[in-house]
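You will see chain A twice below: alongside chain B first, and alongside chain C after that.
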Partner chain A sequence: MIKTARFLTSLALAGLLGLASAQGVSIGILSPLTGGSAGTGQAQRAGFELALAEINAAGGVLGEPLRIIIEDTQANPAVGLAAFEKLMTEDDVEFIAGGFSSGVTLALVESFRTFQPIVMWIGGAVSGIGIDGFDGIEELIGEEDWFFHIHPWDYHNVGAATAFAAQTGSETVALLHEDSAFGGPGSAGAQALLEEAGMTVTLREAFTSTLLGGTGDFRAAISKAAATNADMLYWIGYDSDVVPLSGQIRELNFRPQHIFGAPPGWPTEFAAAPEAQCVTGLIGFMPNLTNPEAIAFTRDYRAMHGVDPDNYMAALAYANLWAYADAINAAGSTDQDAVIAELEAGTFRSPIGDWSFEPSVIAKHQGFGEDLWLVFQYQNGVREIVWPIEKATAPLVSCR
Partner chain B sequence: MDTTLLVQALVSGVLAAGLYALVSVGLALAIGVIGIVNFAHGEFFMVGAFLAYQLFVTFGIDPVWSLFIVAPALFALGAIIYTSTIRFVLKAPELNQMLLTFGIGIILQNLALLIWGGDPRTIAGITYRGIGYQIGGVSIGLVPLASFVVSLVLVLGLYWMLARTPLGRAMRAVAQNRTGAALVGLEVNRVYLVAFALSALLAGIGGVMIAVIQSPTPVVGFAFTLKAFAIVVVAGLGNIRGILFAALFVAVAESLVATLVPNGDTLRNAVFFAIIFAVLIRRSWRTA
Partner chain C sequence: MSASTRTRRTRPAQFPWDLVGLVLLAVAVAFAPDLLKALFGRASVSYLSIATNALSLSILALSWDVLARTGQLSLAHAAFYGAGAYTTALLARHADVPLWIGIPLGGLAAVVFALLLGAATLRLRGIYFAIATLSAAEVLKAVVHHLPTGIAGGNAGMNVPTLFRPEFIAGQMERWEVAFLRNEAYFYVYATLLCMTVLASILVQRSRLKHAFTAIRTNEEVAGVMGVRPARLKLLAFVLSSVFVGMLGGVEAHRVGSVLPEQSFSVSTTVLALVTPIFGGLYTTLGPIVGALGLSSVQEGLRRVFSDGYLIGYGVVLVLSILFMPRGVVGLVGGLLRRRGKREAGR
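Take a look at the complex of A and B:
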């Protein structure tokens, strides 16, 4: 108890120093702190705050407390653009972190290119690869020396989901997806990979997410999926779609063997809902991971924020800030070329384990790939890891 | 086209119309009686949803019963907001009124964000969200059916109140001629207060229903406000009686398009904008 109190006090003091000091290195962060994606933005902020406190408790960056300036994008491209330009012109930051929403990221591409700070980005999964007539983020700025992408690309996401689907033995899959830059290209990639893996996609149907103006009535899309009698229902949407989709699947008596969702986050309390039973989902981090880094991160996050790091964006944000701190300290200055060289050469800490930047299909600097992803299943009110097998905490069960 | 899918679309559309009507009739009441376009209407809806959520989490009160707490709470909230803000702009230009209600909406949204955070919330421990009655391959959801019945009763009750009670007659009189109503001894300001509070109450009840159907978030009211505006326009600004039919028309049209057209769910908003467009064009022809 005393240890926890001391830890919290030292972290809080170190964090305050980092937030208040005008000296030292400043990192500009773009995150959706309000609006429909505020849950994810707040999780990112919590991850950044934990990393900031630890970094400053460990001596800061270049001998000074690190400073972060978080600007709210509201997950709105226009607001995100203004927030970025404010960071560059008023706050004079040289380093950009954070990020969420492919739509916001696409809107920022030209401004990134104009200012060319180092951008180390934990959002924006739409690569554009394999989609005719659409330029994705990886295609547009993946080759830039100053762009570092930590979050997996969409083909990594669907690659992991396809590997899981193949393991379930499903032969037919109905795909429902929200209709924006997130779900549209993601579902196209998913269809291609599922078919390549020998499965039949019986339906690919778009819906309007509750995050983007939908009323949460998905019965039309679900009825069409049910009519195909697919073995698996695979949906791509947002966390606010989880409850209405899951409830309406039961209400319409659609009973696929597997219900698999790929939103960026899952509502915390959903585990206790009856309709959660047997639902599976893709996630980047879970508090019940057993590697030492995850245990330490979960413990410290809980001590600082009083809740578990349920949204994987908290873990990515933590990794994001520590990578900057370690790279700038290793470079010994904020010189852009020196920091880029250290980011390219370094190995960084994260709650998932050590990681480094490697080339992806186009991008020069890609952090995590398929290996980030886990699949969990709600089983009697608990989220059990069911894939990959080596990390599984329980076997997968069928919904039928 | 599979007949079952078609019937399912019709059933889903009719059941959705209840909630649409409930949310719209409150907005129409504010427009029709007070003459104010309330851009914070969706936020009353959101507050109702979060109150139902909180009552469940803190006291374990099922949303069915929390209706009886949330409704008076929203009535009181509406009365407070009317007394402290709206009544001061009744004679102000429309733009000022709109900016005020828009600002109230932003304040309520951000208060919700402060109190409940941005994560979607779930009323998890209820067993009836996924219940559907299967009749010949067509599913009738318990929650949509109940929300349809409750909405229908409330909307018809409001119609009855407006037609048959002294308060309702006072509202209609004030709506027709504010000065004339005052001259014959009606307390106009009090009638406005009750109308605005009643509008908030109806939105709050809609919010309780949506807290069961989906996840309360600070922005959950936006989509329904948009629908409500569409329905109010289709019914005719201030025409409270036309709301039920307009809601039915919009909801069934949306459901049919969502079901019959590939990727039709993404066309729901296009459907009601098309309906608004058609209705406004038709009205302009009639008045030309």
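Take a look at the complex of A and C:
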């Protein structure tokens, strides 16, 4: 009776959902395709789809077409947990990719530990280093053999931004930051590093990002920053803050030498706005990078999706899937130990350049560190790379 | 008073369908995990997770509905949820309070906050009350942000230990069985909390509070003239509404392993608490639960078929239900049954 019911239910579900029997290697992907972080999730998906097309055109994985199953986390921890468990128990995947949002990643820690698939993660950048009594992703699972973290940790992000700030010659910096888990610890770390580098932080002021319910009126915070007459305005927020914040800086006639923003992504159309002129920003990938991998990636991405890969998460997702394909092919099987050995030993392709896993402060397998980051500057409607110097396409100019 | 007493004495005893329903619900949830495991094997892990999320939504929706019965459009649910989550997390972190005591204390913290908020806002009406309650979550979020990091974790939030950590015994079980045991335990905790919420709702519906709440909702001035004390009863509804959602916040903090200001005081918590009973049917015990189970099923079904485009279908379902089912699913089904009953009686 139970067997019959089970068979009929499975058949009905399979028919309803149009599920085909899985063949070849399947990789489960968790990404925020909807919700407040949908822009990042859609960029990730675009990068995964491009990599998948290329991998399968090149012969697939272990001689079979590679298959990806993307589950939406909505950047919601409880939804992300159910999505991961679906991948593990309904789709029977052995490999997990993707990832975004530290809250979702923290919710997955216990379940990751239970199933112990290979997890190669391009999100969850929160490390507890420097935060009393808090264990971030790096502390909780960074030392696990099966965990591979590609995205830099938050201290890498702050380190890169501070290194750029130091080389601008600025002596005083006003720090504005959004007030969530992204901007709060980031600004605390930034202040410490800026002061360590000999700069004076004249102000550290929080605002609520428009992404998280803020009104988009940043005038109070900007006015406070302007009153300090700092050489540099350094802000940490989200993509949706770029336009109102930049517009209000001009409106209030605040003219520091340098305006530097560190959101995860920048709106494409912002380049054409007059208030974009001289604004600098931290970014993980630029379509005008001149290395051959970046040129090929930008060309193929544009051909497949009809737009430029503006969000660096697309490049990271592309690197993520290719690393899996190369490691599994090199291992010759999906045996976990063999694939882990190949991931540990391998050097992988990416639009950012070749990369491999090295230890970070705590984590055993860290992909990118400060080296991922670039700083660009809007110059006459074009985003020029201005840092690091060896990748620069134009020199940095002052806003004054 | 004497007239109403006489009325109660002469009224024929009604069959307690609601209490029978509660017993059936308890029995159903008691057997659900094992049934899922027998039917779906390892996939039951995933289905239990989805079912737990649906239970969570049911608690949120039903507890909101209890206050809505007084006619108050409260947007404070995110504040109650967050107050419970943060209290539980703070007690676990600083006072080493046993986890099972921390969760009820989370509910108590939500009640205390509800009393303070209610005392300050319940004399407001309509949109003014809604706006005042909407700001509650923002106020608590700002407090958490500005407390020293060593106390509440600031923007980074706090780790919260899991309630259940079943051991994996190599050779005797598979890894998915560990996940099943954990999910099963959480499922029972959420189900217990839902049964408590349902019981509270039934007790309200079976007592004179139901009529008092309805009178306040219909016309507060007239209710006052009739001897109902609107301010006191609205405060009571606020308390009943907050205690379960505060406990839910505490349980959920353990389940997802952390509290973060944006996560715990998210406006989406309030929106879900409000939309779900409207879909299922307002001012009833069954409506919010039907709404939660219905919306969870619709969302999950659409998500599996349409990937990220499912929210369009989900939105269409909500719009259509508001347009064509103003009294929700329960109201529609109840109306159809009554019409059928009349037709049959007329033959």
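Just so we're on the same page, the second predicted complex is superposed on the first by the 379 of 400 C-alpha atoms of A that agree within 3 Å, B and C clash if a C-alpha of one lies under 4 Å from a C-alpha of the other, contacts with A are read in each partner's own complex, and residues count from 1 in each chain.
We take it that contacts are C-beta pairs under 8 Å (C-beta built on N, C-alpha and C of every residue); 3 or more make two chains touch, one makes a residue touch a chain.
Note that the coordinates shown come from a computational prediction; the quantities given were computed from them, not determined experimentally.
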In the superposition on chain A, see if there is space for chain B and chain C together, and answer fit or clash.
clash
Applying the document's definition of touch, where does A:Ile236 land relative to chain B and chain C: first, second, both, or neither?
neither
Could you tell me if A:Asp217 is touching chain B, chain C, both of them or neither one (first, second, both, neither)?
first
For A:Thr114 in the superposed arrangement: first (chain B), second (chain C), both or neither?
second
Which partner does A:Ala272 reach: the first (chain B), the second (chain C), both, or neither?
first
Going by the contact rule set out at the top, does A:Ala206 touch chain B (first), chain C (second), both, or neither?
both
Partner chain(s) touched by A:Asp179 [first = chain B, second = chain C, both, neither]
both
In the superposed arrangement, which partner chain does A:Leu282 touch: chain B (first), chain C (second), both, or neither?
neither
Touch test for A:Leu252: chain B only (first), chain C only (second), both, or neither?
first
Touching A:Pro77, do we find chain B (first), chain C (second), both, or neither?
second
Chain B: which of 41-49, 95-103, 167-175 or 257-265 bumps into chain C?
95-103
So the chain A residues that chain B and chain C both touch are 33-34, 38, 41-42, 179, 206, 213
Applying the document's contact rule, which stretches of chain C touch chain A when the two form their complex?
38-40, 42-46, 49-50, 52-53, 56, 93, 138, 145, 149-150, 153-159, 162, 165, 168, 175-176, 178-179, 182-183, 252, 255-258, 260-263, 267-268, 301, 303-305, 307-308, 310-311
Contact residues on chain B for chain A in the complex?
2, 4-5, 8-9, 12, 16, 110, 113, 117-122, 124-127, 129-132, 134, 139, 141-144, 210, 213-215, 217-220, 222-224, 226-227, 255, 258-259, 262-266, 268-269
Could you pull out which chain A residues touch chain B in their complex?
33-42, 179, 205-208, 210, 213-221, 223-224, 227, 239-240, 242-244, 246-253, 265, 267-276, 311
In the complex of these two chains, what residues of chain A are touching chain C?
2, 5-6, 9-10, 16-18, 33-34, 38, 41-42, 45, 70, 72, 76-79, 81-82, 85-86, 88-90, 102-103, 106-107, 109-111, 114-116, 126, 128, 131-136, 179-185, 188, 206, 212-213
